[in-house]
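Next come two complexes, and both contain chain A; in the first it sits with chain B, in the second with chain C.
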Partner chain A sequence: MPKETNAPRKKYPPKVAETGTRTIIKGMFQVSLLDSAFHLLMAILLITGLLIDLLGSWLGGWLFWIRQVAHGYLGTLFVIIFILYILKALVSKKMRTVLTATNYVDFLFYIALIITGISIASANAPWITYIPELAEALAPIAAYAPTIHIVGTYVWILFSTIFPGGILHGLATAYLISHLKKRSERGA
Partner chain B sequence: MEYAVLVDPDKCIGCRGCQVSCKRWNDRPGEETSFSNEWTNPLELSFNTYTHIKFELEHNDTTDETKWRFINWRCMHCQEPACAEACPVNAITKFEEGPVVVDQTRCIGCKFCISACPFEIPKFDVETGKVSKCHMCYDRVPSKEPACVQACPTDALVFGPKEKILQLAKDRKAELGGTIYGDVDNKPLGGTSFIYVLDAEASTYGLPEVGESLPATLPVMRYSKWLLIPAAAGGLLYLAAWRNSRMKEKEK
Partner chain C sequence: MMTSKKFLDNFGRSETLWMYACSRCGECVDVCPVYEKTGDKYTAPGFKIKKMRGLITKKLAPFTGSPSEDYVAKVVKGLYDCTLCGRCWSVCPYNYDLVNLWEKARESAYGNGLGPEPLQQVEEALTAEKNIFKRPHSRRRDWTKGLDVPIGEKADTVYFVGCLMSYRGQLKPAASALATILNTAGERWTILEDEVCCGVPMKFSGATKRLEELMDTNIGAIEDTGARTIVFSCPGCYRMFWQEYSKMFGKRVRMMHEIELIDELAKAGKITFNGKLQEKMTYHDPCELSRLSGIIDEPRNIIADIAKGFVELPNNKFNVACCGGGGLYKSVDTDSSISIAGERIAQAEQVGASILATACPSCIMTLSQAARSRKSEVKVIDFAQAVAQNLSE
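Right after this comes the complex of A and B.
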């Protein structure tokens, strides 16, 4: 719940308020490529995952490339970016100071989604035979992986909107960025 | 009308005629195989191999006798297929004649059916990005028997109306003194359209113990999307509260 405060309302720094959405997004990538890639990929995985689960019975085979490229290949990239992101959080005190308790719970959800995602992707995949240790470690969850992956996604969405966590934060950020010009014109 | 296939391993001579005719009917390429300690060849089912004969050699230490068991293995074509329940794009259909068929044009290669199948039947192919398995020759039945059945020289595979097949199975069980797997004694996932009549326990043939109904994880997965309703309500409540506090702030 947002707290009421007597502090004066923040104004956007003049340069930020004057720039457009595209420049802001470009700037985000310039400030931290890792941070932006992490958020962008996570949003893509969430949207494409929901597309498969919610619209699968209507869209059928049209979702093939969404699964293969946007969720599969980009999912692999997300796993790498997530590992780098966690490593950065471990070494950077500055980053840890901005992370809230909800962010840490969000990380637990990502870890569950990543482990089950890799388990789903590895079924009958030739690459898994080259990593027998991973195959052995994933074997006990193979039968439940899709259920944990999907239920985990919805529980995360629920958690995230109630507390509020990553998803509301993401929606709010997208809203703020897309309305920056209007707000700056109003002198916010 | 529902049809079924009776599999009678006691009559099987391990000629692999069923394996070959399945390949020919479905126009599937052969597998690159290698030497192993096993006689089963290819060792596993794959995207291109829908059926194979598992060779098992049993040795009795007291009598020093050996016994071969040849088991035709492929999709069981369950009454309540776990694979179909798991599929998010409804690419798998159970037909009233018996076959459980994967529609390759709908399949998106998500592999959920691979996790769901207790018999480990559907197989993924990296090149096409799709899943395949035995389809009980849905393009032949019921006017023609499945290709594997037609090729069998010893009637170890018999195709017919399910009622007739069940009667045959019961008669054979009386002769063999064993068990029926797939129906009657043991009904995995509501019963199956391939029914085994065995001269020993199902576990002797390496057949898995599978419950009669779908595992609870599948409906949980299917209906978890309803959690979006409380999530949306929670999100809206949060936004309303936030808006309220902003209004109050502005009034001040």
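Right after this comes the complex of A and C.
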């Protein structure tokens, strides 16, 4: 029999006002903390990455904080979360049932961006001297890593939008939230 | 004629966006009763969304290829291999109205000639005789013979009987039980002179073209009685009325399921119970009544008054496990539907119940068929019957 879940009692049909930012955030936490962390960090890294690349020269002193802290340190945290997320996706039959080929290609993009991201972050960073094997492994791509990281991101955005992957999922969610909010404000 | 190329062409923007927004968390997969039973991936809610999203993507970006007839046929089969029980919606963390999505997708499939053969026969029956069984329309009121049932009179309350209650002999005691309750309470009530199917089978199958015709007939007949309350035995009719008919009626007419009415009559002291039911009784929440209409506490209030030995089934109330008979699934795959119901009967046996009451004619038919095939001693009865048998003199 289907397992008993602790789904909260909801009202049917769901009203537009009931589905907004709060529902989405609550929903992510309901699925798992890992899910929430994955989505939150992904959004932060994408936005900060675009800020650095597109508006970097106008950011002034903020650039350091955005690049080093928001993109760099949170990026490190994302690596750990991503590994756990991938493991969860691979061992969970229900997740494998719903994930599409594009989602798996998305994962390959993430891996490429993670590797090149670590390569960029390790340049002149003192911690790399403590892991000589990693420094050695990253050495061949060190010169191309920034280009691959940036171009890879845009290729991924394009790919994941045309073939419905993570990006289109994010855009659709953002549109729905704003659209539903406007509708509920109009009293629809 | 199969026109699979146009399937999902008329899909709304909202439905399309929701499918793209779906988080692929898979929460809906494990709880689906049909997927649980058949193991066919195409019946798993999240998988269906994935495949429909694929179809829409191919329409929006034709360079990604065109789907084969076989692919579309599998998706459509998955859409109809569904009880529309709403269990997937109940666990969706993002509160996405999946029941509405399945209904809209079925509408698109049916409109493009992809509806399953048994459901096309249902549409033919509804067109010819205004009931799902293709039985003569003139015999719709035969169940009232020998009973004190007012027909087409001016009244405060209309009892909308529905196709199953009107034509299925097994359910005649259930319909007459509600008549007894209404008479005992001294209500000024009537059934319609010219009741026709409420149209919910059309909504479920996606054959919505002739829906308005049926609705207009019923609305006209109800308005002729001057009634301000409509009461239903069938949760399908009930949901159809509060979701669709209420757009026409507005707030002029109150719609109640029989359980709500019985609860209200009992609270007002218009009916009292003798509380003599000694047998161990359990209650199966019909999905459309509990999960999709929120009627959960009312039956339990009444049971507390009529039965001494009440015991709950597992997977109950909002999280109720479907009996397998909803969404016209029984017409599409009878064996699987009965097999799902068999599990519910097994649960009733496990809790030691000898009576399984429920408040939905479709659940009664499916569960009692399963009980017979399992040679179970559990007796499946309508809720109104249990109440009528325990009314004080």
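Following the convention adopted for this analysis, the second predicted complex is superposed on the first by the 151 of 188 C-alpha atoms of A that agree within 3 Å, B and C clash if a C-alpha of one lies under 4 Å from a C-alpha of the other, contacts with A are read in each partner's own complex, and residues count from 1 in each chain.
The criterion applied here is as follows: a contact is a pair of C-beta atoms (placed from the backbone, for glycine too) under 8 Å apart; a residue touches a chain by one contact, two chains touch by 3 or more.
Note that this is a predicted model, so its numbers are computed, not measured.
Undergrad: So, does A:Asn124 touch the first partner chain B, the second partner chain C, both, or neither?
TA: The answer is first: A:Asn124 touches chain B but not chain C.
Undergrad: Quick check on the superposed pair: does A:Ser178 touch chain B, chain C, both, or neither? Answer first, second, both or neither.
TA: After superposition on chain A, A:Ser178 lies in contact with neither partner.
Undergrad: Touch check for A:Thr76: first (chain B), second (chain C), both, or neither?
TA: neither
Undergrad: If we overlay the two complexes on their shared chain A, which of chain B and chain C does A:Lys94 touch? Say first, second, both or neither.
TA: A:Lys94 sits against chain C, while chain B stays out of touch.
Undergrad: Applying the document's definition of touch, where does A:Leu168 land relative to chain B and chain C: first, second, both, or neither?
TA: both
Undergrad: When the two structures are overlaid on chain A, which partner does A:Leu158 contact: first (chain B), second (chain C), both, or neither?
TA: first
Undergrad: Thinking of the overlay built on chain A, is A:Gly61 touched by chain B (first), by chain C (second), by both, or by neither?
TA: Once the two structures are laid over each other on A, A:Gly61 reaches chain B alone.
Undergrad: Let me check the overlay on chain A: which residues of chain A are in contact with chain B and also with chain C?
TA: Residues common to the chain A contacts of chain C and of chain B are 1-2, 4, 9, 162, 164, 168, listed in rising order.
Undergrad: Okay, in this complex, where on chain A does chain C touch?
TA: 1-5, 7, 9-14, 18-19, 23-24, 26-28, 30-31, 35, 92-95, 97-100, 103, 162-164, 168-169, 171-173, 175-176
Undergrad: Can you list the residues on chain A that touch chain B in the complex?
TA: 1-2, 4, 9, 52-54, 56-57, 59-61, 63-64, 66-68, 119-121, 123-126, 142-147, 150-151, 154-155, 157-158, 160-162, 164, 167-168
Undergrad: In the complex, go through chain B and note every residue touching chain A.
TA: 47, 86, 88-91, 105-112, 114-116, 118, 123-126, 129, 215, 217-218, 220-221, 224-225, 227-228, 230-232, 234-235, 238, 241-242, 245-246, 248-249
Undergrad: Where on chain C does chain A make contact in their complex?
TA: Residue list for chain C touching chain A: 17-18, 20-27, 29-33, 36, 41, 44, 46-47, 49-50, 53-54, 57, 61, 64, 86-87, 89-97, 99-100, 243, 291-294, 314-315, 318-319, 321, 343, 347.
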